[in-house]
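In the two assemblies presented below, subunit A is common to both, partnered first by subunit B and then by subunit C.
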Partner chain A sequence: MKLNLTPYFFILPALILIIIFVLYPISATISLSFLSPEGYFVGFDNYIRVLSRREVINYDGILKGYFPMGAIVHNAIWILIHLPLSTLLGLVLAVLLQNVKGSSIIKSIIFLGMVTPLIVGGIIIRFTFDREVGVVNMFLKAIGLGHLVRTWTMYPDTALFSLILGSVWLWTGFSLILYSAGLAMIPKEYYEAAKIDGASSMQIFFRITLPLLKPVTTTVVTMTLLWELKIFDIVYVATYGGPGGASNVLALLMYFLAFRSLDFNASSVIATLLTALTLIVAIVMFKYVVRK
Partner chain B sequence: MADVKVKNLTKRFGKVIAVNKVSFDVKDKEFVVLLGPSGSGKTTTLRLIAGLERPDEGEIYIGGRLVNNIPPRERDVAMVFQNYALYPHMTVFDNLAFPLQVRKMPKKYIKAKVEEVAKLLKIEDLLDRRPSQLSGGQQQRVALGRALVREPKVFLMDEPLSNLDAKLRVYMRAELKRLQKELGITTIYVTHDQVEAMTMADRIVVFHKGKIQQIGTPSDLYKKPQNIFVAGFIGSPAMNFFDATLTYKDDFIVLDAGEFKLKLPKTFSSILRDKAGLEVVLGIRPEHIKIYKEPRASTVKCRVYVVEPLGGEMIINFSLGGKIYKARYPGEISLKPDETIYIEIPVKHIHIFNKKDGKAII
Partner chain C sequence: MKINKVAILINVIAWAISFVWILPLMGILMASIRPYKEIVRGWWDFSEFNPSLTNIFNALYHPTAPLSKGIVNSLIVTIPATIMPIIIGALAAYAFARYSFTIKSYLFLTIVLLMAVPQQSIAIPLFQLMKKLGLLDSLIGLSIVHTAWGLPWIILFMKNFFATLPVEVEEAARIDGATDFQIFYKIVLPLSLPGIASVAALQFTWVWSDFFLALILIYSPDKLLATQRLPLMRGQYHVDWGVLSAASLIIIAVPIVLYLALQKYYIRGMVGWVVKG
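Moving on, here comes the complex of A and B:
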């Protein structure tokens, strides 16, 4: 039997590009994470070394409840707060704005957070929580909580939460737009049928709307998770991971290890871990979508 | 069980008056069909009764209660949508159970009730399937079941059979009618198919351009259409119309249709007196036109245009004065296009309408 090679020639250009710019860097990074600086294979030595650093996991901080708790924990906290908040907020806003005249203007404004370059977003977050010009502090003064006023990103116990809240604002546009599109796809007969069948607005939402939005929710959750795992720019410009690493995250730590400490092997470990985590999320999502 | 009363109902969408001062009653346990061509306001009327639209004017009573300001869920009506609107993410069981679940009925009761309805509609075997795994006819039954399960006061159906193939439609027509009589649920049924309306309805409300044209039993509408629209809409093939003028000749009233003249019996003279010279439209149903191959007294000569055999009977299209008309011939007759035939228009079956306003004179 003669192998027909023609189809392979067509995918060759794309394949070459993927190999050079995607597969090679990934495999080089992974192999780097198992080598010593001199290039000897050291097994999981690098992993043990990196994972026991307090920048990655700070057990003392976790147990006693102070920051920094370590970049992995910070990413986890980010996910724990940001994922439900931005997803729910987007959903609630999408539902509320569904039949409102001129809602596209409001949606566009919220979506601005999405189209703003994250570097700019990070700077805006820094100003938002600033002592003198920040809108957060103005608000606190206005509701009589003037004694709380401070530059929130400069204190270890509030830096991370400030960034997370700021990133909720930046990202809510994403779930809002996806949910809005999802809602528009649901035929209005389902609502009408449910109304006549005797369902209340709440029952309609939980028994009709939400289940029909499930594919959207899957997409939103996956994309948000990936974004949270890879978060970098905001932290870089707003706090530089500080103060004292209190708002550091994995991607930024990877950058520091590579370009400040010049420890490329340690940096590769983090890169590999991040790749593995994002891959898990992507595979779960992919499986779900394919099954549908 | 309840009666429905609609009074002076009006609904506008911007400049369009979808429903224009519509009034009709539906008696308890009655099967009333809203019939009319596309865009005549049938669906809008139904949606107003269901509470999915709010009327601009007029009142709706269900079981004697004014429901204008009562939301759909409290009107205790059930609706079958044209495309069924089955919840795609729920099984057939859950679709049927939904109206009971949202009313917080006990689980045991729901299960029993759903199974009872499923059995009635012969869909017991489909209970754990999704709507997407059902055929059109099965979906239709599930939609019906979802409406039935709650034992509502009133059944509202918007062209529930229009998505089925012809054979299934005819079958379901009879099933639906039997079911309605058996359960005795007041039903308002929307269709643009006059055969469906004629075969199923106790009474028909004919709509045209948002207005009611006539209300009556199928036989009323067939025998005594009140205007040209109803006359032309009811019956298949449609009634033939000839422009004509009323004239007098030796004490007789004669309809002058140009190509032929029709002498009317004395019995009509009391109605048609003083109407000489009036422009009218003469209507005669295809099934009432008699066809002969040889001329007879009072026959009119015309030419065969085309013949449509239906097996057992034939529709004969003939041309007269440059226009095509239809006649129904019971049995079989061999005719070729362009052959000469002679038709007779029996005076006892004719309808006469005023040309100006379309209203029936006879």
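Moving on, here comes the complex of A and C:
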């Protein structure tokens, strides 16, 4: 049989671009992480050097409970708070909005966060938590907590949490839209049958709706995890990782090490770790989808 | 009666949440159209209300980081970085959707995994490569990088889209003597306009919103993109919220208008690879 070259020609332009501008740089970053500045192979020396830095993991901060705790820990805290909050809020809203007049307007309003460029998102977060102009402090004054008023992003103990809350505002639209689409695909007959059998609305939700939404949940969780690992813009513009590194995250630390300290090898270690984490998330999701 | 009360409660909760959700954006909007002395009393205070376009004007013609120039630069990068990867990506996606070839599954898996990796993973070697190619600090260079960076998700999305198109038309054309490439651009592409619209809406928004790649590749003051100028307008000690909010509003307006105009395609693009239609 004659070899059909057509598909190769179709793929070629994309492949060339991806190899030059994506695959090659990724492999070069990985190899940089195992080299000394002079270009000698040093095994995991760079990894040991980087992982023992205070900016990456600050054991003292973790044990005594103050910030900075280190960029890895900050990313982990981000995930622990943001993942359940944005996922559940999206799910609850999607379910509630099935019975709300003008639900498409509400969806659009919440989805605006997803449309917002993250660099603008960072400015908006900084603005919302600002001492003078921020609506958060207006609210605190209104409920009699005026003594708490301050610019929340400027203090080590609140900077990270302010950014995380802001990122919930930006990202909840994603899980809302996905769950809404998932809910729309569940056949009405399922609910009717369950009601005839005398199921309560709680039972219907946990026994029918939630299991059928499982593939959506997998996607939402995966994409959200990837987003949280890659967080950069909003931290850059709202706090620049500060104060004193209290809100720094891995992606921003990578940038600081590469383009401020010019330590390409240490920076490549962070980049490689970040890449490995995202790939693990992606592979787990891929396996799950394929197994299905 | 009981059900009615629950329904009312749900409506109230839903609208209350959406009210909270719009507050941060309202703040930015108010701060950009009102003078600073009104905002410091709180943008929610309307005892005095003198809207003007002063802040918008000051942002567009900012002395150190004029946003008008940034918008032009962003468009120079974003428009080709939307069109190029759609053409190149659709072509590759078509091969993945309709042909079988030796390394197909490995290639496809690689491309899917590339969607997950962060831009930080390419930053340093990319910077050095662009320097060697003479494409550092070049808007065209950045546009090419965005094209390559967008390809993996576009290929995956378009492959899924092509899978929904009927094969019969293409087979009939082949029997009539059309070449593979003719079939692709005369039959498949026109049928794929809805999918292309989704890809275009999202790719445009993402390139327009990008900050990191621009940050590492573009540094001449007159070449900076719109997103790069925003942090520069913050000011060292005193934050000029009027100008900063106005600049934010202008940058955010582009994707919002696009979203409102192409809402259907936009949502389909987001949902498309998740919930296969």
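Here are some notes:
We adopt the following convention: the second predicted complex is superposed on the first by the 282 of 292 C-alpha atoms of A that agree within 3 Å, B and C clash if a C-alpha of one lies under 4 Å from a C-alpha of the other, contacts with A are read in each partner's own complex, and residues count from 1 in each chain.
What we mean here is this: a residue touches a chain if its C-beta (ideal position, glycine included) is under 8 Å from a C-beta of that chain, and two chains touch if they have at least 3 such contacts.
This structure is a prediction, so every number in the text was calculated from the model and none was measured.
Legend: residue contacts after superposition of the two complexes on their common chain; A:Lys287 is shown touching neither subunit B nor subunit C. Once the two complexes are laid over each other on the shared chain, residue contacts for A:Ala193 go to subunit B alone; subunit C is not touched.
Contacts of A:Arg131 after superposition on the shared chain: neither subunit B nor subunit C is touched. Set against each other, subunit B and subunit C differ in how many residues of subunit A they touch, and the higher count belongs to C.
By the touch criterion defined above, A:Leu229 reaches subunit C but does not reach subunit B. Once the two complexes are overlaid on the shared chain, A:Arg54 sits clear of subunit B and of subunit C alike.
After overlaying the two complexes on the shared chain, residue contacts for A:Pro211 are found with subunit B alone; subunit C is out of touch. Residues common to the contacts of subunit A with subunit B and with subunit C across the two structures: none.
By the touch criterion given at the top, residues 7, 10-11, 13-15, 17-18, 21-25, 27-28, 31, 39-40, 42-44, 88-89, 91-92, 94-96, 98-99, 101, 104, 107, 109-126, 129, 144-145, 147-149, 151-152, 155, 180-181, 184, 205, 208-209, 211-212, 215-216, 227, 230-231, 234, 239, 241, 244-245, 248, 251-252, 255-256, 259, 263, 267, 270-271, 274-275 of subunit C touch subunit A in their complex.
Put simply, subunit A touches subunit C in their complex at residues 4, 6-8, 10-11, 13-15, 17-18, 20-26, 28-29, 32, 93, 96-97, 99-101, 103, 105-106, 108-120, 123-128, 130, 132-135, 138, 166, 169, 174, 177-178, 181-182, 185, 215-216, 219, 226, 229-230, 232-233, 236-237, 250-251, 254-255, 258-259, 264, 267-268, 270-272, 274-275, 278-279, 281-283, 286. Within the complex formed with subunit B, the residues of subunit A that make contact are 187, 189-190, 192-200, 203, 207-208, 211-212, 214.
The touching residues of subunit B, when paired with subunit A in their complex, are 50-52, 71-73, 75, 77-79, 81, 83, 85, 87-89, 98-99, 102-103, 146, 150.
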